[in-house]
Amino acid sequence: MSSAIVMKHIHFSYREKSMFNDVSVSFPQGEFTSLIGPNGSGKTTLIRHLIRQLTPTKGSLYLGNKEISSFNQKELARSLSYVPQYSPIEYDFTVYESVAMGRYAHQGRFSVLDSRDHSIIQDSLRMMNLDNLSHRNIIELSGGEYQRMLISRAIAQQSRIMVLDEPVSHLDIHHQKEILQLLRNLVDEKQVTVITTLHDLNAVSAFSDHVVMLLDGAIVAQGEVEHVLTKEKLEQVYNVEVDIEVFGHKPLILPRWNENQFS
Amino acid sequence: MKKGVRLGVILPVLLIVLALLFAYSLVVGAAGIEISKTLQILFTGRVYHATPAFSAAQHTIIWNLRLPRTLMALLVGSVLAVGGMVYQALFRNPMADPYVLGISSGAAFGVALGAYVGFLSGATGMWEVPAAAFGGSLLASLLIILLSGGTRRSQTTLLLTGIALNFFLSALMTLLMYLNRSQLQAIMQWTMGSFSSGSWDKVAILAVVSLITIGPLVLYTKELDILLLNEDAALSLGVSVKKVRLILLLLSTFGISVTVAFSGVIGFVGLMVPHIFRLITGPKHKNLLLLSLVGGPIITLASDIIAKTAVSPSELPVGVITALAGTPLFFILLVQYRRNR
Amino acid sequence: MKQRNPFRIIISLLLLTMLVIPLVAKGAPEQIVEASDYLSVIDWRGELITLDKEPQRIVSLSPNVTETLFALGLGDKIVGRTDYCDYPSEVFDIVSVGDLMTPSIEKIISLEPDVVIISNIGQKETVEALDRAHIKIAYFDEDQDMEGTYSLIEKVGQLTGTKQVAEQLISSMRDIVSEVQHSNVGKNRPTAYYVTGFGEWGDFTATGDTYLHDIITLAGADNIASSGSGWSFQLESLIASDPDVIIMAPMWGSSMDESIEEFKNHSFYSSLSAVKNNTIFGLEENILERQGPRSAQAVKELSDAITALGM
């Protein structure tokens, strides 16, 4: 199994505080990887390293077999796309125009969108079930629709890797399932490498191929779902008692909310 | 639902209005030259040959006063409106105006300082005042960019530094002007904006400056759109945010500084014109650029026409008219826009 | 029909008469207490300002008032003046209380003036501030013409008890002006333009609403900017009118020669006949700019200068 991204011996400090101390992690190509850990564990910092918003003080990060610092901005965008946390903007572009921005990395200074670009944009919209909304103003979108649009834009970038930061935290379970399923489809049908932070451990269990677990800036575990989402590791990292039920190969995590639950 | 007026409808209308205003500006003026004579003079060409049809004075009025003045109003309008559009994208704030980084207060300060040290006098040539104004703008803008940590810092820091420097410079300028009443009057009058000093030399310079500052923008409309997203998103889409922002900032600041140097501080245009069009036709900069390019001059030309006809043979400062006329217009549009939402 | 009670009618008529009489009486010429014209004057605000005796300590807050006081022989009574008071030269021995816009109220009070006099070049805020400090202040805002100048001199004279001196001064000024008018009779009136601002600063001149306009007219020239207002005049009107004579005002930061050179070399003005024929000049001192005792002299000097050009 080859790696889409490999981080080797990463050190990173922020304002005199050491956040990563010799961290190494790899993200398998063509798989759905979830990044989990309590708040403040370094998930967002790790994501920011992946999208080159931050540079490690020591160590190296490879996209494929190229060092990330050797990419120029557009090259990077062609290899890796990013879906930020829910951050709506106040400008009323249409859904189509917004998704079309994803084609920027493939355009030269003088080029305009050609028919190929348009068909890619339309495919991306279709994949996210947005075809009938393509002329809607993005300001009028619901939370779920907006998130789908962001992912659609990332798809239009045609990058092998898609990194997402909390894509479903603000959505109800229907829309959570909808979006995670669409991401899953991307992995299964298009072999996109999806790397995402997620809070809901059961969603992680249901959709991920690979899990990376963080605590205080260190990788506590990385690997297959059932090897990472164990009672022992979860209790260590989250400091909450849990029960695990396994259905097929997938664990179901049941936190003990109070003493008398389930007894 | 795609709201808003289509570009294909509104642009031709604007172009016609602009052409009409341009023609009207040439035909109207305190000297009271009949339209037929004006047309004759224009067809005769720039070089004057003695003829009984019109006098040398009339010829010079049309060719050397009205035409340059009108052209200057046109170019200044374009640069201001487009500059405002760029600033609003750079700051991700539709209320950003082109003077927010100290260009206007820097210019006024440059002129006041020039008067104070004797570089400028009441009987100064054509270039000293613009030079002092431009120098002041440049200094102020550079200072703000440096003080706020350059483009590394957020737009908020940039904006706040700009506001602080504006206040400081205005206070300093008032101090300077306390020293001489006649200087004070001259400087205040200059600050209020006027196209009356328009000459062919200045038009030539402005034309080149417009080309340099607006021309490249045609190639940057995609980036301008993407810059409206937050910085992470823009970078992830492949935009070299810092580089692009710096280029756009420098180009637009340079262009606006030159307009202020030649015509004083003309408000409303840079802030409201792009804003109004954004409300009408949406935020895509491919459209906004064209609309601002044409819409800005409409405002400046209309204001200049009012400036020279309202109290003829005296005239009013253009900057005051743009502010007075423009603000209620904006509020009307805002109300309509809110109602349509 | 009800019987009209005659008694009631009489009472009503009496009441009516009682109402009417005061109304009628109001219309009757009142015995107006006339303001005396010695040590007493009504200023522009309508305030009656009266002094008990001839003022020994006067503060002047306007350059033309200062000149007037000196002309009335009261120079030694002035204890305070502004930075802009510069004539006659004796004025520099007098302490200054600041500029025209915001003189120091404290300083004025510390000088313990019997009266403060300010003309329209001053500020209303100053007047109010001094009123509140219970300092006697006379605010004269006269018309922007020669008659207004005479009125100013007369009122200052009236207030300071030097009315006769004032009248003599006014009379001699009138003589000078008449003499100029007489000497110009039969001569052709050249058109003139007065430059107070040009070039980058914009074109400004003595429009019809200024007293300079009156001086130019009295001196025997026709001001091309008479239809303008607020000192502003469009450049193309200047070009179109092409005046016979151009008068340059003193410009800050430049000598008169430098100013005239700049004007002549400026591309906007080089086509004017007055530039080509060199009928452009300036009066060195600022007597034209000040509505005061030297204004009649200004008329004469202007007229002489125009005549000297062969106009």
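Letters A, B and C name the chains as they come in the text, with residue numbers starting at 1 for each one.
The rule is simple: contacts are C-beta pairs under 8 Å (C-beta built on N, C-alpha and C of every residue); 3 or more make two chains touch, one makes a residue touch a chain.
Predicted model, so just to flag it, every value in this text is computed and none were measured.
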item	value
Chain at maximum distance from subunit C, centres defined as averaged CA atoms	A
Innermost chain, where centres are averages of C-alpha coordinates	B
Cα-centroid distance, subunit B relative to subunit C, in whole angstrom	40
Distance between chain centroids, defined by C-alpha means - subunit A, subunit B (Å)	45
Whole-Å gap separating subunit A and subunit C, where each centre is the average of the chain's CA atoms	80
Residues of subunit C engaged with two or more neighbouring chains	none
Residues of subunit B that touch subunit C when the two form their complex	29-33, 56-58, 60-61, 64-66, 115, 118, 120-126, 128-130, 178, 180-183, 186, 189-190, 194, 196-197, 199, 308, 311-316
Residue ranges of subunit B in contact with subunit A within the complex	1-3, 219, 222-223, 225-226, 228-230, 232-233, 235-240, 278, 282-284
Touching residues on subunit A, where the partner in the complex is subunit B	51-53, 72-74, 76-78, 80-82, 84, 87, 89, 91-94, 97, 101-102, 104-105, 107, 109-110, 135-137, 153, 157
Subunit C residues touching subunit B - in the complex, by the definition given at the top	84, 99-101, 197-204, 207, 225, 227-237, 239-240, 242, 251-254, 258-259, 262-263, 265-268, 271
